[in-house]
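Note that subunit A is present in both complexes that follow, paired respectively with subunit B and with subunit C.
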Partner chain A sequence: MVNKTSMSRKSVEVTNHAAMTKLKRRFSSQNAGLILLMFFILLALPFIPGFKPWMANQLSLVLVYVIAAQGISILTGYTGLVSVGHGGFLAIGAYTSALLVKYTGVDIAIAIVASACMAGAFGFMLGLVFLRLSGPFLAIGTLGFAFFIGTLINNVPFFEGREGISLPVNKFMGVVLSDVSFYFLGLGFFALVTLFIFSFVRSSVGRSLMALRDAEKAAQSCGVNRFFYRMLAFTVSATITGAAGALSGFSVRYVSAEVYSDIWYSVDILVAVIVGGSAMMMGPIVGGTFVALLPFLLETLADLSFILKGLILIAVLIFAPAGICELIARPFQRWRQLQIESVGKETLVNAPSAVMHQH
Partner chain B sequence: MANILHCANISVKFGGVIANDNVSLRIEEGKVIGLIGPNGAGKTTLFNVLSKFQQYDTGHVYMHGKLIDSKGPSDMIGLGIARTFQNINLFSELTTLDNILLGAHRLTGNPIANMYSFKSARKRERKLVERAGEIASMLGISDELDVVVKHLPYGIQKRVEIARALAGDPKIILLDEPVAGCNDEETAELREVIRKVNRDLSITILMVEHDMSLVMSVCDYIFVLNFGSNLAEGTPAQIRTNPEVIKAYLGQEVEP
Partner chain C sequence: MLGQLITSGVSTGALYALTAIAVVVVFRNTRTINLAQGDFSMIAAFIAVMLLKSGFSYSQALACTVAFTILLGILVERLVMRPIADADWLTLFTATLGVYYIMHGIAGWLWGRDTKAFPYTFDPTPVHTFGTVISVGHLLNIGWAAAIGAVLFVFFKFTKQGVAMRAVTDDPETARLMGIPVRFIVLLTWGMAGFLGAFAGILLAPILYVSPQMMDEVLVKGYVAAVFGGLYSIPGAIIGALMIGVAENLAGGYLGSHYKTATAFVMIVVLLALRPQGLFGIQKRREI
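Let's turn to the complex of A and B:
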């Protein structure tokens, strides 16, 4: 008996990694479960009695903001490059699909893919230029890009300026879409983008981007090719935002320079990721929803939303620089960490033999 | 034994300042080499030349006798050259495990395959995680694997940095002031780590360091720089008694 006690005491130094890993795995499946739950709720919303088609329209707009914010989060959150010009990519996406549908009458499935590719191509070319800049210079450069696109669509007759381009009913794979079914399409798109970002961020690619963000030189000496990874981030980010732009055009079936030449579009999606939390999955989702719904919730005081957004942005930067989601998640993560640690130790005292197996 | 890394006639000018003037350095395989000199002697500049972060005006750098002048900093680990940084330069928002895995970046393979967790990629990743665990336990940081590194104490962070350098399977590690800012206890621990890395893993080490007792006790051979030029080289015993070196560090005695 004495012998046994001394044995367990001796092994207190060692932690039980197996139990900890098991718990960690359970926590991460809980996370996945939460995201799935969110999707089911979003999917079920239109079936709630009292749901009106205009609400679907509003929700589609929310999805547009969320997807655009997800696009910018790859650049700003994970790679640490601030872009104030992503509204430009949104406009490229919206105009590519609007013009395609107007002149060729293609299915919106094709138009969305084409828009994403077009924005991605622009992103690639701009990346070649802009990624020579960093920090505030990059921000100003991208801002210039957004102004350039804004001026272009305002003044080149082909883009029909403030008159705008009205689009026919949306046809997806030959099926005519109502407002509600367009919302489902947006939801499907949102799911795709979320899955993509999940695999992007959790793989060695995301790891390399975050390494470049945290310590550029160290990342390089680890063999991370700065040019390749930053170009990849810029291009992917532009592609996703371009797809969001296509969706935004189709959701209201009208594209005009009045909306897309507005620099506030760029600022809004940047505010969305910063308020929500730029380097986490939920950040753009919460932030995009917030930015999209704020003017709507204020109803007649919609103009007040500019002031409110500014105030909230300042508050977030002071009190939760990593975003609202991080602030909410922090106590939970802490609680989980404590649980993981205690599990590691508890098993240890009760079952020294299990510990012996480890080593 | 043959030189693993050597440079010849390196000159670096910053405007009017000559940071390195015709400096040469030979690093013999399997040895621990020290690079010392008073402040401003050009050690860090030379270090950055060797790891390709610094462009040089004249001279050449060779790895295993092959010219590597045209390579960039991110090619170095592929050639077997890893480095650490003077002030800790970790990926502060990532965990220890991720930091070590990034050290093994060149072994991670195709990024697209990784994103979609193809079977081979998953297998490779699992192997890398396993190896990261081995490296961590060798350096005594296996309990820290899941901790975000910015929360770790200084001495542990230093070890994480060495672990990260080791993960890329280098043939030589360039250590830039490995014990700067460490207390005596941490210094003693790191001395053991450096010895272990050199002996057990037979990795060559080049170390810039101001802690003379560490340099003298660990290094097999020492190069001394002063005012950007080679001043002396030799075994620790030779360097300790070299009058030129003593003069450079302590100044010349004034005749009474």
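Let's turn to the complex of A and C:
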């Protein structure tokens, strides 16, 4: 866009462009540094003295929520489609892997891949029907889907209903996993998904999705195939959530309809994304942690945690509609904005347009 | 057998219709998918239990509960929905989810999570009508639902507020310019949601028993019924609710009660695959 302005200013613009690129590179390395730091802290957690194995279990559960929320953020945050039925995919993932391990005794690596594929296949088929809808209609349709899956696992004898399926010791690539090493596995998976979403969002596919979200008609007239990209987003999102479901089953080594038939499970994942901030890398991470830890921290006060969750949710919607992460990031964004503006002022007259392209 | 399944299906469907109408009314006036609709009913049922146990008669308890729930609806609008009235539909939807959590928490905290019986029991005495057998309880429910339907019809057709409410549905901007107090109408809409919710709760309580999660299933079915009317048409929602009631009863009767709850989903998938805009052509649909 910079090149479009008059030729006489060209030399000035080139220096400006260089400075801007440099600044941009510094910002993105700062971002990457922060995420790396977070991973190192998470990696170091089990080595802190006083760490008990049950904590690793709890952390694995948090990771499950975070990964599921990351799956839904592709759909809700970057594509603008709202699904209230991702608990259904979580259940599909958990049951696929549990039944596979129970009846064939496969390695959990294979089981996780298989359940991700299964959830993806279901997502694809559901997308064929549901992606003709949008907005509230899609939300209700997917809620019905979660409800349907819940009924199925509760009533079809093959899924063993409320009795549940107990699983043997986890074996990953032939190695028996303890609770702590399962946490590391979950962490590795979380890193993988984060990396995937990071590059997915910045790829041409991600840009097409966001274009469809922000200006559907304009994107379509530029040749973005609406149906194809929305199908892709739905399938990918279901796949990631399915894998999270497999992890959730393995983390407690027990899968029962009591947990997975609850349609409010699906709603919880959506809440995680909305509270955290749906179209940001950190959003699902913060939101997932919030949703997973709140009932744990207030375990003795189950009803109070419900009330608190509702109050926080409403407060976030009123005061920080783009999510908690956006609220935290706001001062930093402003600081960066100032830096960009100062660079722009030194070198270029039409800085505002360049500033706009930073976003 | 068939006739009986259909009549009791119509009776349950009539109660689903109350929830479905409330969902439609709130959605078309405020773009809000109201997840807290079931909780109005749930709270109403708990309060009715409390009043009946402390010696009130059924009609007194009903009147008090309906009044309280209307107030609750108005309170929700005033405290939660109004500050974010201009936000997109997802924000509004999530805010009602917040209300859902709060009401669930309060109900669980005050009255406990376990299921309670409703003091006023469902009357199973059989009555022979129209060549089939139907119980008195079912007849009463159909009667109540029909009476509420008639009240709504009169309200929307003949009262000033009802006409104003339809005007807001059609075009809120023009309605505002014509001097209709849109905010008051929105308040009234939530009051109506509370009113319908109270009746749904009290009439369903003898069948479903009373617990914080008693309405979850009904709510999902109410949504599905509302989608039948394109989330816009009240007659569409009523017909959708009756169809769900009958279909799930038939599925329960002929296939086994396991399949009863899955019927609504199968119906919505078929509906969406064939007619994504709802069963009844919608005159006007806002861009969402």
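To be clear about the criterion, the second predicted complex is superposed on the first by the 329 of 359 C-alpha atoms of A that agree within 3 Å, B and C clash if a C-alpha of one lies under 4 Å from a C-alpha of the other, contacts with A are read in each partner's own complex, and residues count from 1 in each chain.
In the analysis below, a residue touches a chain if its C-beta (ideal position, glycine included) is under 8 Å from a C-beta of that chain, and two chains touch if they have at least 3 such contacts.
Predicted, not measured: the structure shown is a model, and the values here were computed from it.
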Subunit B versus subunit C as contact partner of A:332, first or second or both or neither: neither
Which superposed partner A:40 touches (first subunit B, second subunit C, both, neither): neither
Partner chain in contact with A:141 - subunit B first, subunit C second, else both or neither: second
Subunit B versus subunit C, judged by how many residues of subunit A each one touches: C
Contacts of A:199 with subunit B and subunit C, given as first, second, both or neither: first
Subunit B versus subunit C as contact partner of A:309, first or second or both or neither: second
Contacts of A:224 with subunit B and subunit C, given as first, second, both or neither: first
Set intersection of subunit A contacts, subunit C complex versus subunit B complex: none
Interfacial residue positions of subunit A with respect to subunit B in the complex: 15, 20, 24, 199-200, 203-205, 207-208, 210-211, 213-215, 217-226, 232, 279, 340
Complex contact set, residues of subunit B against subunit A: 51, 53, 72-78, 82-83, 85, 89-94, 98, 101-103, 105-106, 108, 111, 114-117, 125, 143, 146, 164, 168
Residues of subunit A touching subunit C in the complex: 76, 82, 129-130, 132-137, 139-141, 143-145, 147-148, 151-152, 155-156, 263-264, 267, 270-271, 274, 302-311, 313-314, 317-318, 321
Complex contacts: residues of subunit C adjacent to subunit A: 27, 33, 80, 83-84, 87, 89-91, 93-95, 97-106, 108-109, 113, 216-217, 220, 223-224, 226-227, 231, 258-259, 261-262, 264-266, 268-269, 272-273, 276, 288
